[in-house]
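Supplied in structure tokens, the structure appears directly below.
To keep things simple, chains are lettered A, B, C and D as they appear, and every chain counts its residues starting from 1.
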Amino acid sequence: MKPTATLLLHCPDQKGIISELTKFITDNQGNILYLDQYVDKQDGMFFMRIEWELTTFIIPRDKILEYIKTLYTQRYNMECSLYFNDIRPRMAIFVSKMSHCLYDLLARYKAGEWEVDIPCIISNHEDLRYVAEQFNIPYYVWSINKDHSNKYEVEQAEAELLKKERITFIVLARYMQIISDDMVKAYPNHIINIHHSFLPAFIGARPYHQAWERGVKIIGATSHYVTAELDAGPIIEQDVVRISHKDTPESLVRKGRDLEKIVLSRAVTKHIERKILTYHNKTIIFN
Amino acid sequence: MKPTATLLLHCPDQKGIISELTKFITDNQGNILYLDQYVDKQDGMFFMRIEWELTTFIIPRDKILEYIKTLYTQRYNMECSLYFNDIRPRMAIFVSKMSHCLYDLLARYKAGEWEVDIPCIISNHEDLRYVAEQFNIPYYVWSINKDHSNKYEVEQAEAELLKKERITFIVLARYMQIISDDMVKAYPNHIINIHHSFLPAFIGARPYHQAWERGVKIIGATSHYVTAELDAGPIIEQDVVRISHKDTPESLVRKGRDLEKIVLSRAVTKHIERKILTYHNKTIIFN
Amino acid sequence: MKPTATLLLHCPDQKGIISELTKFITDNQGNILYLDQYVDKQDGMFFMRIEWELTTFIIPRDKILEYIKTLYTQRYNMECSLYFNDIRPRMAIFVSKMSHCLYDLLARYKAGEWEVDIPCIISNHEDLRYVAEQFNIPYYVWSINKDHSNKYEVEQAEAELLKKERITFIVLARYMQIISDDMVKAYPNHIINIHHSFLPAFIGARPYHQAWERGVKIIGATSHYVTAELDAGPIIEQDVVRISHKDTPESLVRKGRDLEKIVLSRAVTKHIERKILTYHNKTIIFN
Amino acid sequence: MKPTATLLLHCPDQKGIISELTKFITDNQGNILYLDQYVDKQDGMFFMRIEWELTTFIIPRDKILEYIKTLYTQRYNMECSLYFNDIRPRMAIFVSKMSHCLYDLLARYKAGEWEVDIPCIISNHEDLRYVAEQFNIPYYVWSINKDHSNKYEVEQAEAELLKKERITFIVLARYMQIISDDMVKAYPNHIINIHHSFLPAFIGARPYHQAWERGVKIIGATSHYVTAELDAGPIIEQDVVRISHKDTPESLVRKGRDLEKIVLSRAVTKHIERKILTYHNKTIIFN
């Protein structure tokens, strides 16, 4: 694996941006491996993902962001972030009682599908400790009391662990609890949730029962970044499966499990590959 | 085409119903061509569609319903309807300005895909008269004034036409107007609408714009029977298509058109084939 | 879980079969929980799956099959099999080097999704022993020499293990080796394979490379029962995913993995639930 | 609609191409509306589609191609084609006896969905003349004798008509006859066919019957450019629909019709929008 840099950026659309940025990389001996861009005509915004090889790149890697900021940020009113492929993101998984998403994530991790580290699994229940143990990953349990008296302490403890483990993003793998506002603020567009419905249909609790009640002919699952508002953050990926009148709420739960784990893992893949840009509560997902 | 009878029924689930009904048909020399049944365990309800050849059937066709009612209706607390395949349903189409669903319906009709008659097309605009003329079908226009002063007259005129033409069911092929309560009552579960979203997401106006605003990754279309509550009737069929951040509200409209016409025509097919049972605001759709 | 019996049968289509069989069960105090039937008009064949509660059933369970055979088998020229829901099928998994299907099967097993026992995993490579160990399932490795000199011994050893463990069906979870004719004969329509293409397209080796070479826009996966002819057995389930010109053979492999595991697990589910009938190299799959 | 130019090109991948071309357009006061590019790493080929507004563009439109060729073609070993959005492609439709694809194409044309002209419909049968007449499009019938004695004359007559009508591309809307090699040569990658299977499965005649025979669980349709080899040209678009054991060859034909018309029309849309590049018997389809 050769070292590469990946630049994600967005700014108001102007003539010459692509030309200028590709010239900057090419002139400095960077070999562009990937370029994808998108213009939102409605908002007049320009989005780009560009990845290039660092081996022959003239600018040292710890100076690249500085150069880009100096040369372009102010001029184009640009927001950007820079990633290196040899610095692996560190992912924390939150779970409650259902194992299907957790197993799917860990099986991919163990098989080496992802360039990611998973230093910890956090839960409000003991139920899935055996899964964590099967994969030799530390499992932490903090339960919030019914009267919420220890809510603050729990959130503090979780925040500390995330900090200590240098977690860069969080995956809620059917974690049946609301994430605190502080955590959402600490990880803006870096907490991925899986909701077991085709959002915005069936927000909130028991979406399969809601779907069955309404008599829909297709059910879905939605992975999205978590924001302050419940199930309303930027959607990363959705998928659906056909059902019929023969399905019961229980069979919807069963069919939905396969959707949930695949849709969640697709979102995690895109996040790890730094192919997601967020803007105005939507995502731009590059191929 | 040999003459057949089709019985659609539902009743509380009890032992022996299938056995009894199939025996009734078999004993009277009816050859069963099709039997499908479904038990809703939650509600304890039994649903069945059974079709048999009439050629050798002992009971004369105008007596069949009487016999079934006498023998089974009260005993099983059964609701049922009986259809003959040589009595074609008569369908009225309501349209506004968009032609894609109308063309799709008429092309199928003209190609002989359906055992149906289409004696009239009704609209609130002149726009699609040329389509009706291409297919030689009478086209009626009634516009409701802005102040709604002629609303009652229009509805009366439409109702009369439907009666005169012995219309058995109505298809709203992107008809952008609310159907009157009286018409809904006159055609309970016999008015099919196409809504251009994956219901219950994006009820009401401009669903593609709502979808684009929310940033969904999949859009849908839903055909359903019309009830008093907007976009809340029993769902017959849904389908979806994948979209991306590159789509605009305009491209959603474009992609959605293909969905709408196919989803609407699938519902019309099932209705014409008498393969839909409705119960508690849901549909049972037999194969 | 109340004890139930499930009868799967097929015979030439004749009047009165359903009526007779449902009457037989009802008369003997069996409560029918499930009935699905299908008539193949082309071949004039009748297929049925019927499940009923045993608690109140008058005929003792070890006599049921005898009664059915005596009363109906010869008369209707019927082939049938009878299963009890409290006798769990015993499944052997064959694997080579790829873990995704194996993990998916074991995660479902461990989560209690299936009424099945998995007493052994068999491989031609050591690679996946760690997965078997994570789930505490005995892992057996037999490699066939390059000169095939030990082929007979290996097949004998495998056959003995299957016998010793009273294996009722086999799942090939990306097992990259041809199954011997003897094993196919010993488990007719009881060996489930996953082929990583939309069969019958791209039979044989490296189907993703074949698909990429041909420039298809959709790839698929197919689960089927193994017969003597390669990739030609009765198809149980297929699914597909959309691809584009941007995909490489490697990305097809990656996208295909998700398809493969889901399509294989759906087939295994249907098999465990005894909802598959095979006839003339095709499957009838009941809901 | 403002006038735009669209450049489609491919060449061996080299540093700086995008940068150079976007700079060329920007420096000459062209406002880039659309840029999409793709690099085939395996073959080391670069593909691009770029569209820009002509209103302020300094180079006159009849000189643009000359400039691009002089400046870049030889240097980059580039193949390219240039289109203007105000010069509409001219499409000929070939049909036999089935109307569904033809109706779908004409309904879109009539509704103004496409920037295209359709000056003629050509057939080997009289059957669909009424459809052409409904839409006021000249309909030409040439039948080849059973002994093929008039084959050459027919092909000559067709070729003359295509020339006279300045046809730029051909759509085979379920045209059940082999296209002559001369016509394929005259319209390389400009004849679009719809094949009623998921290619490369079920090449040739009666694919639905082949699919039913094989017992597949999903059927498909494929639109592709016609080449000398039957059903083997570059695939433009495919789609599928789920079927079951309950389907007959007849119901496959019925379900397939909806697929065919949608898949064909999607391909025609992409072709009209000049979003298809072909290379090595594959297509690059831009969004």
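Throughout what follows, a contact is a pair of C-beta atoms (placed from the backbone, for glycine too) under 8 Å apart; a residue touches a chain by one contact, two chains touch by 3 or more.
Just so you know, these numbers come straight off a predicted model, no measurement behind them.
Q: Show me the overlap between the contact partners of chain B and those of chain D.
A: Joint contacts, listed by label: A, C.
Q: Report back the single chain whose CA centre is most distant from the CA centre of chain C.
A: D
Q: Are the two sides of the chain B and chain C contact the same residues or different ones, given that same means over half of the numbers occur on both copies?
A: same
Q: Compute the distance, rounded to whole Å, between the mean C-alpha positions of chain A and chain B.
A: 42
Q: What positions in chain C touch 2 or more of the other chains?
A: 244, 246
Q: Which part of chain B faces chain D closely enough to touch in the complex?
A: Going through chain B, the ones touching chain D are 99-100, 103-104, 107-108, 110-111, 113, 134-135, 244, 246, 254, 258, 262, 265, 287.
Q: Could you pull out which chain C residues touch chain B in their complex?
A: 15-16, 18-19, 22-23, 26, 31-32, 35, 37, 242
Q: Flag every residue of chain A that touches chain B in the complex, lowest number first.
A: Those in contact with chain B are residues 38, 41-42, 198-202, 214-218, 220, 234-240, 244-246, 248, 281-285.
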